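You will see chain A twice below: alongside chain B first, and alongside chain C after that.
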Partner chain A sequence: MEITVRTTDLLKELLLIQGVVERKTTIPILSQLLVEAGGDGQIHLAATDLELAISTNCPAKIKKSGSGAVPARKLLDYVRLLPDADLSIKLLENHYVQLRCGRASTRMVGMSRENFPELAAFPSTPPARIPGAVLARMIRKTIFAIASEEARYTLNGAQMVLKPESIALVATDGHRLAHVADDHTAIEGVPAEIRCLVPRKAMVELQKLIDELPEGGTVEFGQDETNLFFSLPLAGGGRRVLAARQLTGQFPNYEAVLPKDNARVCVLPSEPLTQALRRVAQFADERSHAVKLRLEKDHLTLTSSSSEAGEADEELDTPYQGEPMVIGFNSQYLLDFLAVAGSEEVRLELKDEQSAGQFRPQGGDGDQYRYIVMPMRI
Partner chain B sequence: MRKILHIDMDAFYASVEQRDDRALRGRPVIVAWRGPRSVVCAASYEARRFGVRSAMPAVSAERLCPEAIFVAPDFSRYRAVSQQTREIFRRHTDRIEPLSLDEAYLDVTENKTGLPSATRVAETIRRQIREELRLTASAGVAPNKYLAKIASDWRKPDGLFVIRPQAAYDFLTPLPVGRLPGVGRVMEARLKRLGIATVGELRGQASTRLEASFGRFGRRLYELARGVDESEVEPNRPTQSLSAEDTVERDVRLSETEPIIRRLAEKVWTAARKERRRARTVVLKLKTSDFKLLTRSVTPASFPATSEELAGLALALRARVGLDARQRYRLVGVGLGNFREPEEVDQNRELFA
Partner chain C sequence: MSWSDILLPPAVREQLAGLAAGAERNRTLLLSGPPGVGKTTSALALGLALNCRQPPAPGDFCGACLSCREFAGWDAVQAQLEQALSYRQEQVRTRAKEAAPLQVRLHPQILYFPPDGDFLSMAQAREIARLAYLRPDPGRHWMLIVPGFDQARWMVQNALLKLLEEPPPDATLALLAVQPAELLPTVRSRCLAIPLPPQPEPVMAEWLATRRPEVRADDRHMLLRLAQGAPGRALSLDLADWRARRQTLFQLLQATLMTSHYDRLFPLTENLRLSKEEIEITAEILYSVLQDLLYLKSGRSSAIQNSDSRERLSGWAREISWEQLELAVEQLDRLLRGLRRNLHRTLAWDAWALRVRMAAAGA
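And then the complex of A and B:
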């Protein structure tokens, strides 16, 4: 293989692909990037950590086709230091890879591509077509609620539900749940209903890929027995494809925990609430992040106290007419929601101090977005 | 000379269930959660006749005794009954060291009621438990903790056994070494290779030889063989940590440890359910085939709520071991630590309770 690429073109793809490169070198081939040059004026790049795989391509002048495995991290670190210029890449004997750019030259130790895992191909069935901007927005509104503790395995992703006229994403870590649905958007290519669990890490990588999508771009979605596939077109031709191993197991029956009769409602301006919460949270217990919300006629008081740091309180006006009550929440959970609510005001709907509270944007971008948080024992 | 009792409730959880539900009496009762990985928390004596034992997988128990009645454990009730047994103990002494909900050591060298002997105290406690709580307990009376524990097991169920100081020597002589505290399957096999199967044979060993073979534990073996155990009954000793570990028969790779970790997690979880306080830290312990000990621990934001979660956390800790995948291990352990009062941990409530 012998090719020439523009360093800036290559760097962009290397950065996008780096997230799935295995950092721990338990299986050496997984630290490698698969590079293939065919006859289509593109080089194809792929990396995998066996859970996720990303493949992409980059325009190149192909002198001689072929393929090899190159250490991904080293390649990125090196290319990053090169100026915007032409870079020639040539496979030598014994899996050496030669890089030349201007007067800089290197010989990297690669590996045989034979050892590189077989990558699953996008299924041949017609894909579902999801507007990239919608998907990105929904990921942003749910990803933070996914369990990060590896133990809660089936919660380690979000459930995606696709229907011909709607898309919904749900994520929970057992203490809170974010549910977002958009039923104004037609999803082409969905015969009836598709339900799947998208792993958290796939959502992270997908967000990065969608960021690179031109405005109005579409993400094609497909699945086979073991993988989910997200395919995004590239401006210069070709596609970037993310393949994610499906999470097995049962997503919890979340419909059962959606509050139905939370009658104590108050509406609060998002920004002042966020600011007040941030301040009060400074004095919350460092581990639990607990803040108390005291609702009384026409105002809400936030309080916190920690044995080490001290205490804080702050009052906000709200047209509240219900019974007074006090409820404790993890302030971080509330801030996570406020950061993505996307509305001037938020609705806080409560039942009592032991039952889940529901937060919703008041107005906003048209998504049906609800965030359910269990209170803390106070 | 101290006078120590070990009181051990007979098939405690199963007995409480049988006491409170007439329909269960005289029938094989197994207290366990239903589930593929669940283990038996307790088995009534009717069930034990079929070979059912606590800590065995519930599925095996079901196979051994298909007609058994499975009852889901109700620890709040067991805890309440356990509290009542403690109140009975407290009439006799304040020096009580509970080991779990169903067993405790009592130091009755001096007792509050003025009964003339430790044996009479043990008899009285057993009678009070029977009459007031309608449950049976077995008691061991001995000059120290470990002998008391061996004694309470000797006439189980509903029995009393006394090891008098002057009789301890002869009593111990024929016992297999596996009866001694700290001598597990693997230690027993090591002793056997040295030609030591009984406590009497152990006693024949010079302390220098035992120490050369077993280090500090050799010294302890030397004392145990002579019926010596200076450890005090420690009242109100809060649990600092709980763990279960297993020395495997054939050294395993990390990738092969999942079933072991799951089994140990279940065991530790069952033990932890007996605690009022809850553990925040999960520990994975491993010993390599060349005896290097390593531990990895994690303190999640919310403490583990189920045994599956505990197992999941322990399994996830394997990723942090960082040794070559070919490394083999001789011991695997799962532990819980950092116990806190439930109210100390202002806990976030569960959405899917």
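And then the complex of A and C:
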């Protein structure tokens, strides 16, 4: 293989791919990047950590086609130090890779292409087409609620529900649940309902890929029995494809826990609530982050106390007219929601001190966004 | 290559092939038996059978299909393990054991998690669970092999309980143990126990003649005895190395049992200032010698393992008393237990030799 590529073009793709390169591994081939040069004026790059795989293209002048595995991190570290110029990459004997850029030259120790894991191909069935902006927004609104506990693997991802007329994403860690649905966006290529579990790591990488998508771009989605595939078009032709191994197991029946009769409603301004929560949380217990919300006629009082730090309280005005009540929540959970709610005001809907509270943006971007948090006994 | 080419007790072979063929699979197995008896081989073969694309018979594997060809090889474990360790040492410098849990990929779906240091680490246990809950490649099945699980700390065993209780449908976990009784009862109760008994000597003799034809007949006989029905051990045992190590031990035994000069004793124990692994090998040789002395004293001379030193051992067997022999074994057990707690190696051998010597002097 012998090719010439622009360093800036290559660097852009290398940066996107690094998220799935397994740097800390005892399986050496997983720290390598697969480079393939065909006859289409593009080089094909791919990396995998056995859970995720990303493949992408980069325009190149191809003198001789071929393929090889190159240490991904070393290649990135080297290329990012090069100026914007042509870089020639040549595969030598014994899997050595020679790089030349201007007067700089290096030889890297690569590995045999044969050892590189086989990458799953995008299924041949017609893909679903999801607007990139919608998907990115929904990921942002749910990703923080995904469990990081190792013991509950089915919660280590978000459930995506695709219907011809809507898309929804749900994530929970057992203490809180974020549910977002867009009923206004038609999803092309979805003949019937599709439900799948998208692993958290895949959502992180997908978000990075969508950020590079031109405005109005769509993400093509497909799945086979093992993988979920997200394919995004590249400006210069070709596609970036993220393949994520599906998690086994059933996502819990979350619909059963969605509150139905939380009649005590108060509407609060997002920004003042965020600021007040941040201040009060300073004095919350370091492990539980618990804050108390006292609802009374026309105002809400936030309080916290810890034996070591001291105590704090802060009052906010709200047009609340219901019965007084006190309820405890993890302040960090509330701040996570407020950071992505995307509205000037939020609705807090409660039933009693022992039942889950529901938070929703008041107005906002049109998404049906619900955030359910279990209360804390304080 | 198929099940019929692997030396396993027929009942075990049938059970494993049945597991691979069955629609309902028990997916947590506890394969137990002495070192070299075939635990790893059984688990690898089961992994191949579960993934074979063209099984010649239900539950068997062909050795020729795409999946079988992706297998790194029966002898690849050690080489790949060494490669993994050296790669990690070079590449992952900070908190390497936690950041890069030790694993060896022998096939796209067959992963092997050897003890990282002395035990399976918590990071490895987490990695096993993480992988098990991911879907394997289409039409394939994960086989996750955990050797030496009886050495794993209880905390680590507990970390896998949920996975052992309800393994995902596309994953089989093979726990390998020399001493299954050392495992938590909660682990044992969640696994299908498959004990692998040693092979009968005639079966081993026939098999070894085809596998190591270059070995002289008398050496092969000794190999058979030393392997004690474990095919893996018969294949890997280096007789020249065994004899060299045994010579050092013979000198020590001679000095311990027959000499009253302590100044001759301690220079000999200096020679045993070895690494922990080497001490375990040395202790194994010493056990075999002590067992031979026991056989000779009880008139079962045909059962001895170190058959090439029959004369010397017979002489010692006449000299040594039953009490001395019992004490020597007890003290060796104690030495090995102490080594696991990082006892000073030379001092441990000094103490062993002194106690046995004092008992001999007392007698």
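Note that the second predicted complex is superposed on the first by the 378 of 378 C-alpha atoms of A that agree within 3 Å, B and C clash if a C-alpha of one lies under 4 Å from a C-alpha of the other, contacts with A are read in each partner's own complex, and residues count from 1 in each chain.
Quick note on the criterion: a residue touches a chain if its C-beta (ideal position, glycine included) is under 8 Å from a C-beta of that chain, and two chains touch if they have at least 3 such contacts.
Everything quoted here is computed from the prediction, not taken from an experiment.
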So, on chain A, is it clash or fit between chain B and chain C? clash
For A:181, using the defined touch cut-off, is the partner it touches chain B, chain C, both, or neither? Pick first, second, both or neither. neither
Could you tell me if A:225 is touching chain B, chain C, both of them or neither one (first, second, both, neither)? second
In the overlay, answer first, second, both or neither for which of chain B and chain C A:354 touches. first
For A:23, using the defined touch cut-off, is the partner it touches chain B, chain C, both, or neither? Pick first, second, both or neither. second
Would you sort A:252 into first (chain B), second (chain C), both or neither based on which partner it touches? first
Would you check which partner chain A:60 touches, where first means chain B only, second means chain C only, and both and neither mean what they say? neither
Identify the overlap between the chain B-contacting and the chain C-contacting residues of chain A. 24, 26, 150-151, 153
Contact footprint of chain A on chain C as seen in their complex: 83-85, 87-88, 91-92, 96, 99-105, 108, 126, 129-131, 133-139, 159, 162, 168-171
Could you pull out which chain B residues touch chain A in their complex? 300-302, 304-305, 308-313, 315-316, 322, 325, 343, 345-352
Complex contact set, residues of chain A against chain B: 24, 26, 149-153, 172, 174-177, 252-253, 257, 285, 287-288, 290, 328, 330, 354, 356, 372, 374-378
Under the definition above, what is the set of chain A residues touching chain C in their complex? 23-28, 31, 50-51, 117-118, 120, 150-151, 153-154, 156, 224-227, 245-249
